[in-house]
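Scroll down for the structure; my scribbles are underneath it.
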Amino acid sequence: MEGGFDFAILIRNAPFLWGGMVLTLQLTGLAVAGGLALGLVLAVLRLSRIPFVPALVAGYVNFLRSMPLILAIFWFYTLIPKLTGQSVSSFYSVLIAFILFEAAYYSEIIRAGISSVRRGQIAAALALGLSNAQAMRYVVLPQAIRTMIPVLLTQSIVMLQDTSLVYVVGLRDFLTTADIVAGRDSRPVELYMFVALTFLVVCFSASRLVNRLRRRYAL
Amino acid sequence: MGWPIAARLGGTLLLAATALAAPASHALAQDGPVMKRIAETKTLNIGHRDASPPLSFIGQDGKAQGYSIDICLKIAEATKEELKLDKLEVKFIPLTPQTRIPLLTAGTVDIICESSTHTLGRSRQVSFLNTTFLTGSKLLVRKNSGIKRIEDLTGKVLVGALGGTNERAAQVEIDKKGIKIKGGEIVKVKDNAQAMLNMEQGRADAFTSDDVVLFGLASLAKNPAEWEVVGPYFSYDPYGMIIPRNNDDWRLLGNKTITMLVRSGELHAIYKKWFEPGPSNINYPMSERLRENLELIALPD
Amino acid sequence: MGSYRWNWPILLADPYYGWIVSGFGNTCLIAVLAWIIAFPLGSAIGIARTTELRPLRFAGTAYVEVFRNIPLLAQMFLWYFVVPELLPQDWGRWVKRDMPYPQFLTSVLCLGLYTASRVAEQVRSGLEAIPRGQHHAGLAMGLTPAQVYRYVRLPVAFRIIIPSLTSDFLGVFKNSSLALTIGVLELTSQARQIEEYTFAAFEAFATATLLYCAVTGIVILAMRQVERRTRIPGTIAIGTQ
């Protein structure tokens, strides 16, 4: 390549890139927390016996799961201000999009986790005189959580990667900061490789950790 | 070749001048919520761009800066004075062409200070302050490419930012003149920076945008001497700061500040700071047209 | 909704209608072509990860880890902006200048290779779900290891991973929207462009969303039939969604 590589550019722009990284981590943290909370509610509603509610929840989950995330980001980004007339910063509009979107995925994982506990065990717990809530608390959830956690973590790693999509609305996440520097100084090779390597290291280590957890807590 | 454009420019200038005088005579003054909001929150939210040097861009230090930003900072000072605030916090909000209008109408930003063309279509949605900059669509090409005008693009790749006025103007021109560009379509990318990346890497032969944007990008390129901006204008783009509609007090304050800046010569100094030759060596001296336009908006008290 | 002014007919007006149609066509074409790369390649890598050969297993694992731990968007940029710069000059020039439909083909390649890593995981988990006894039985009957794969393990594995492969195909279909970042005018970017020209954001995005949902729905219904026909009695489908 003309002019060779200039990796010092990464050092010169380190504070700016770090700012992007902070936003990426914040967004991931908040979206995972919000997504888990909402996902849990959705999963419980979906497994409930309230009329129509499970079907509604299923509709919501399937609807969001058939939409590309990038489109969901645009929806919220363009439409929240237009529809509500409220000022919503791009960070919050993207955060809302992520929470609603991830909740659909999390709820499916949680539901699968709860459903994976054999019905016989619940029957046995009830026969032992435990209440419904107690059976859930002492029998179902401890097992369900063990099967869920690795999958939830894996989904969260995917989510960390997906935060790079906020690039399309110009929110300055890690990839966008790199993109700005890449465009400004015309150094795409160095910057994009740096982003890819950073994600590779972070996500690979995280998935190793998940594997270890999986083995340790496997039933 | 310059003549029809000059005529159009002259005509538009006249129109602009009459448009300036018109609102006072028949429109009812409307004081919108912006000034009130600024007074209450003691914050001014300025919308800016990431990569429109030297008008509005992120510098090496990661901060918003540029010609438009400097003018808006003056407006911020005037606002603080007008509202008699002890302090006024200025917040910078990065915008894209897709988000600027929704975020402005929603009240997320109070004023957009970047490189927006004042168009009739946009005026239906938003309000513009007086024109503080004049430009138009041209092409950025490599010096040795042999491309001198849009007609030379037969069999070449043309790139532009998705949704910009330039890309549309170029499309109209291409259709009108029956130019067959490579791939049959303009390559539409996310923003100017990415278009420039396409140029740097030799993927595209020409990049259409406002000439000042092109000069700015070329001056920031790895090797500025490689690039040149060519062609007669195929669109005419007067820039102005954007504010929400129906905020006559805010608009008046903005225009008043600009007028004062012109009269005191400060605006010319700001222009000099960013353009002659400017920190990025863009070297885009103030055109006679802009000079005259500024004289037109320097209304007497 | 405030002051939003509806304008549904705009979508049928020229040129917007044509934009939606061509965007939708591009989206489908990218997804199908990427799947044509992803399915055989992913299957091969998945198989490699279950063989006894260490180098093959290592290569397969490395492929999967690299491709699934880098955000797809970053991969898109790597293929489009970085790889041509690292190639020998003549090749790089060819990719950038003479290759037809550069943005389109780059996004197909990128999506195909990325999705292959996901397919590989499904195939591997399918193969590993088959009791080892079947493998040994095959060998005992005098089949070569290759024949065991061909006639015993793969037919079973593919039948049990159909549901997860379906969701991977839907994944590639949805992920094709990322092609817009390097300048492909697919469905999502056409919706944006219409929004840009007309300010009819709601109508444009709703149409795009409906089209995505429609395709997803049709694929799911069709694959349910396929699953029903190919289900192995006494087993349940496995694999991650």
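By letter and in written order, the chains are A, B and C; residue numbering begins at 1 in each of them.
Going forward, a residue touches a chain if its C-beta (ideal position, glycine included) is under 8 Å from a C-beta of that chain, and two chains touch if they have at least 3 such contacts.
In this text, all values refer to a predicted model and were calculated from it rather than measured experimentally.
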{"item": "Category of the chain touch graph - line, ring, star, complete, other", "value": "complete"}
{"item": "Relative to chain C, chain with the most remote C-alpha centre", "value": "B"}
{"item": "Between the pairs B-C and A-C, the one where more C-beta pairs touch", "value": "A-C"}
{"item": "Geometric centre distance via CA averages, chain B-chain A, whole Å", "value": "38"}
{"item": "Length of the line joining the C-alpha centres of chain B and chain C, rounded to whole Å", "value": "41"}
{"item": "Computed distance of Cα centres, chain C from chain A, in Å", "value": "20"}
{"item": "Overlap residues in chain A, where contacts from two or more other chains coincide", "value": "78, 82, 84-85, 168, 179, 182, 188"}
{"item": "Contacts with 2+ other chains: residues of chain C", "value": "81, 85, 181, 192, 195, 201"}
{"item": "Chain B residues counted as touching two or more neighbouring chains", "value": "98, 102, 190, 194, 197, 201"}
{"item": "Touching residues (chain side chain C, partner chain B) in the complex", "value": "81, 84-85, 93, 96-97, 101-103, 181-183, 185, 189, 192-193, 195-197, 199, 201"}
{"item": "Interface residues, chain C side, partner chain A - complex", "value": "1-2, 4, 65-66, 68-75, 77-78, 81-82, 85-86, 170, 174-178, 180-181, 188, 191-192, 195, 201-202, 205, 208-209, 212-213, 216-217, 240-241"}
{"item": "Chain C-touching residues of chain B, taken from the complex the two chains share", "value": "97-98, 101-102, 125, 159, 162-163, 168, 183, 185, 187-190, 194, 197-198, 201-203"}
{"item": "Chain A residues touching chain B - in the complex, by the definition given at the top", "value": "3, 15-16, 19, 77-78, 81-82, 84-90, 168-172, 179-180, 182-186, 188"}
{"item": "Residue numbers on chain A that touch chain C, as the complex places them", "value": "1, 63, 65-71, 74-75, 78-79, 82-85, 108, 112, 151, 157, 161-162, 164-165, 167-168, 175, 179, 182, 188-189, 192-193, 195-196, 199-200, 203-204, 207"}
